[in-house]
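Presented below are the structures under discussion, each in the form of structure tokens.
First chain A sits with chain B, and in the next complex the same chain sits with chain C.
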Partner chain A sequence: MPYQILIFLGVFTIVTTVVYAVCPSKQRYIALLISSLAFYGFYCGFGTIFLITTVVASYLAAIKINKISDKYSLAGLPKKERKALKAKIKKEKRLVLIIYVIVNIGILLTLKYFNFFASSSAVFLKLLGITVSTPVINIALPLGISYYSLNAISYVVDVLRGKYVAEKNILKTALFISFFPQLHEGPFGRYDDLMPQLTSGKQINADNLFNGIGRMIWGLFKIFMVANRAAIISDEVFKNYTNYGGFTIIIGIIAYTIQLYAEFSGYIDIATGIANIFGIKLAKNFDMPFLARNVGDFWRRWHISLGSWFRDYIFYPVSTSKLLTKLIKNMKPSLANTVILIIPLFCVWFLTGLWHGASSKYIAYGLYYFVLMIIFNLLSPVFEKILTKYNVNTDNKVINLFRIIKTLVLVGIGMLMFRAENLTIFSQIFRSVFRRGSEFQFYSIIEPKDFIALVISFIIILISVIIKLKDINIESRFERVSTYKKYWICFTALCLVLIFGAYGLGYVPPDPIYGGF
Partner chain B sequence: MEKIYEILSKIIPGKDYKNATNLVDGKILTSLNIARLVAMLNDEFDIEITPIHLIPDNFNSVESIYKLVVSLDGE
Partner chain C sequence: MKKFIGIICCFMITVVLYIYICVVVSPKSIEDSGGTSYYRGMGFLAEPKNSIDVMVYGNSDVYSGFSPAKLFDEYGYTSYTSGTALQTIGVINHLLKRTIKTQTPKVVVLDVDCLYEKLKFVDNTNLLLAPFTFHARWKEINSRDFYTMPDRTKKYDISKGYVYSDKVYKFENINYMGNENARPLPVPRRNLKQLEYFIDTCKNNDIEIILIELPSATSWNFAKHNFIEKYSRDRDIPFIDMNVKDSNFNINYSRDFRDNGDHLNVNGAEKATLLIGEYLSKNYNMFLTDKRNHSDYAYWKDVVDNYIKNKS
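Now for the complex of A and B:
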């Protein structure tokens, strides 16, 4: 059913808001938990068992790690013995973490990646002349498994790192992992940031309610006014790419980039808006990504919560690991700097690609950014030296505009790889950019009224970006408006989306792209 | 402290570390070379700096890095 997830989110938000409001303050987090589990159960059915397994495993692992710390006392020990005991504690904790990660990632690997790895292994063995039949797992991927699995890991790892103590109440651990607005497409949350908010038991007030609804409508606007209409163009271009050439393919890539941004950030706005109703602030996931000056900057602005997860739980552990430190210890500084750049970044981008999906296309997508990052990091000091030598102001508008355009081109190539069904098709489409094709009959693909609505809606998003650039905070201005005005603003905006939105007869609803992860 | 100067000079040579108070805020240390610095400090002083400790205040000057090392060594 099209937009099933949005309907579910809408219904559960209304019911949860009512139940939450009438619950006593101390039990409100339980209302959120029951609602989250019911949401998951209705939507996923059997898949809920995997979510519950992750919750129980995370709870037990964190408690066990804390117990190891409590078992030993370092006080009063001489330095040498203290160090030896610390090493022993660390070893015991790591063993628990390893078992936990095997369980948690094991579920994810089995459900999401087993078929891919099995078929890839069969292809590899066939090249060696060995033919094997591979088993296939036919279980639908549970909703948001790639999101809640990583959230759960961050919680246990941070307990191990001593950032906070383990939660003794399993219901609270369960709520952190399963909070329903962020199950579908994130954003990734951190326990120490979210838990106090989830359990605060704050009563719903008119400000939070209208701010939340306003943000949800902004998300619906992005999805129904922009993403679904941009999808009409991108679908046509990518489905019939053999007919088209240079200019049309570029239009298709631009349309897909707009579609992906509007849809993904739209769903994040909806999740953020729902959480706002309960007085909860979710992590920021976007910060004007298309104004990035290099690809590293782009990933600090796009899917921010995923990037910071990989930074904290992959990049730093790999780059500060004893193995890597030993490896570079006797290397020349320049070589050591390069190696310590390449190995952790490779791990981050290989896994980022794999996180997006079980296919070689996604791995290539991750590695594409890995190569760009390496090139950027190795070349930027050289360019900086040249620019300094010739007294060029590196922060002038022309150079910055050039940087933004260069980044947009590189990101566009990444988007093409992301959208193409496989790498062969990607290379075919990429080559089509440089050849002539049949003329693109714009209005045979998208009706004039849809195109006009798309352009106007896109301009509205651009205006919101310009307002942000001028340091005007629309949200805080909206907060200062009277409740009566807020009601009418929200009502009018919702009516506009419902009347002019691209859905229903004559529109093919595209699947939420990031919802499939 | 001398050892910390030495490590920093190995990672990014030619900077005046003695008077620097904005190594992170002034973008002399980026997230990439902080990772290398952390790895070398962990190895040299047999400590464990985790991402929890990775805040600008801990890395803005040699003195703050020294304080971090001492606090972790004595934990």
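Now for the complex of A and C:
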């Protein structure tokens, strides 16, 4: 049932709001934790055991890392011994981190990637003439495992880096990892940002309540008015791609891009709205991604919290690793600069692809962006030089528009790869763009009134983007209006989504795309 | 105090507005569609007493796929299609009970797809849930909806429960039935109990039962077919599955469906009706009589004319 998660979120938000409001200030974080665990337990059942394992492992690892620092005293030691002791402490801490990562990532790898790697190995061995039967793990992927696992790792790594001390209260660690609004599709949170908010115990007030509800309705609007209707078009084109060609395939890709954005950002809006009710601000995940001027810029605006996670916990550690430093030591500076860019970027994009799913198409999806990034990094200085030589203003509106369109085309190809069942189908669909297919019977796929509703709703989203570009902050304007006005705005918007939304009978509900990760 | 009164007023206005929205979006009579829910299935309540010989029950498949006017035109049997979207066997039992209060059907035809329907999430008889149940109805709302109260009680329906559609959707997935030897998929226990009750009620009232499955690519497959086939064999009840070759339905994938293989259009419905009609005339002619020239059933001429008018 695709809307089950929304119903669960709705029910738990109402119950949690009431319980949170009546709880004493100091115990409010416990109310949030109980709600989060109950939410997870009801939704995932047996899968909760994996969440609890991650919580316990993260708590113990962080505490152990802290204890290692406390165990040794550097005071009064000569410089040489102090250096040796520091290295020893670092080594011990790293050992704890390695064991912790093996446990945490081990669960993720086993549940999410085991079948993929096992079947891929079998195919590889078959090519070598060895036939093996591969075991299959049949455990449903626990909700949000890809999100909470990375959240937990960021916490332990930051403790190791000395960014903050380990949390002594396991309940607080558990709340940070399992906070229910962000379990489904994120966004990724950082401990030092979230923890003070989660445990502040601030009473719910009318402003936060309506700001949160408003944001949630905006998310519902994106999902039910835009994403579910765009899905009608994209599903038809991608299911029957052999029939279509040229412009129809392009329409399918555009529809899928709109669907993915509206749905993913819609769920993030709902999560952000729920957190807002409790006075908690979640990390920003989108910033007008389709106005990006290059693919790097696109990823700084799309799924921002994932990008920053990979930057902080993969890109920087790999860039500054001893191994890489040794590797480039004797290289020419120009080559060293290229290698120091390529290797960390490869790691980031390979893992980004793999994070999205256990499939070769997702790995290819990640590597596609890796190649684009490398090309962009290598070619942009050349283009800059040419433009400067001919005195072309690089901030020119036409050039910017060209850059945006170029990025949209490249992102569109990425979306096609993301949507296609596998790489073979991707290449078939991609080739279909350049051939003539059968006529697309638009109104036999989507009813005219549904299409009009889709167009109007999409225009509303575009207007919100234009308003943002004009530096008008709708959220803060909404925050400033009176509570009564907020109430009626929310009521009217909810009724509109309720009546005109695409759900239930007559619509085939698409499964949440990012929810599957 | 002022704030308290403000909150109360706000609450009252919300309640009134919400109820008004519920009224606006609700179907106003059984002839209105509730988005994709149709209530014509209840129209048998307004039929003359003991005038219906064949009752057809099921979900949206039957109101799309069985035309009583066509059956009467070809065989002279009076029938009524009592189906609504996502109809469950529990609701059908309720309808059957109401049917036998005023009618004495000789044969009931049950489309078995409904046996796999789960419990409805929203109750479509509850006015306060109308925006959820009938949300797709905004496409059909007209000015009358803003000032008319909903009334889905007794109302004569000239199309006898059938919902006409000449929309054609070229359907591609001709292998939707899957593996012929698929492991039988049991009907949920709750529904099986209700089916037993349905069979018992029919037997107690001397009503013959035919199980059918109209072509439906999105909800039917061999796993379900194999279970129902065995069940019907064990209970000695005929079962006609128009999704399999033996039924002689011969689905025309580019002509018979109105949507993505889910529901038949008028072309498919006529084929299905004629197939059932032929089966009825072969096997139940001792109970069923041709009423085309019977003066008491002259009003059925209007039913046929209305159907033909829709087609032209």
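The rule we apply is simple: the second predicted complex is superposed on the first by the 516 of 517 C-alpha atoms of A that agree within 3 Å, B and C clash if a C-alpha of one lies under 4 Å from a C-alpha of the other, contacts with A are read in each partner's own complex, and residues count from 1 in each chain.
As a working rule, a contact is a pair of C-beta atoms (placed from the backbone, for glycine too) under 8 Å apart; a residue touches a chain by one contact, two chains touch by 3 or more.
On a predicted model such as this, the values are computed, not experimentally measured, just so you know.
In the superposition on chain A, A:344 makes contact with chain B only, not with chain C. Once the two complexes are overlaid on the shared chain, A:499 sits against chain C while remaining clear of chain B.
By the touch criterion defined above, A:403 reaches neither chain B nor chain C. Judged by the touch definition given at the top, the superposed model places A:487 against chain C, while chain B stays out of reach.
Applying the stated contact rule after C-alpha superposition, one finds that A:324 touches chain B and leaves chain C untouched. Applying the stated contact rule after C-alpha superposition, one finds that A:240 touches chain C and leaves chain B untouched. Put simply, more of the residues of chain A are touched by B, taking chain B and chain C as the two choices.
Contacts of A:202 after superposition: neither chain B nor chain C is touched. With both structures placed on the common chain, the touch criterion links A:316 to chain B but leaves chain C unconnected.
Residue ranges of chain A in contact with chain B, taken from their complex: 74, 83, 86, 90, 158, 161-163, 311-312, 315-316, 319-322, 324-326, 328-329, 333, 336-337, 340-341, 344, 377.
Residue ranges on chain C touching chain A, taken from their complex, read 6, 10, 14, 17-18, 21, 25, 35-37, 85-86, 131-133, 135-136, 138-139, 167, 169, 172.
Contact residues of chain A toward chain C in the complex are 240, 243, 444, 447, 449-450, 484, 487, 491, 495, 498-501, 503-507. Per the touch definition, chain B reaches chain A in the complex via residues 10-11, 13, 31-33, 35-36, 38-40, 42-43, 46, 48-52, 54, 75.
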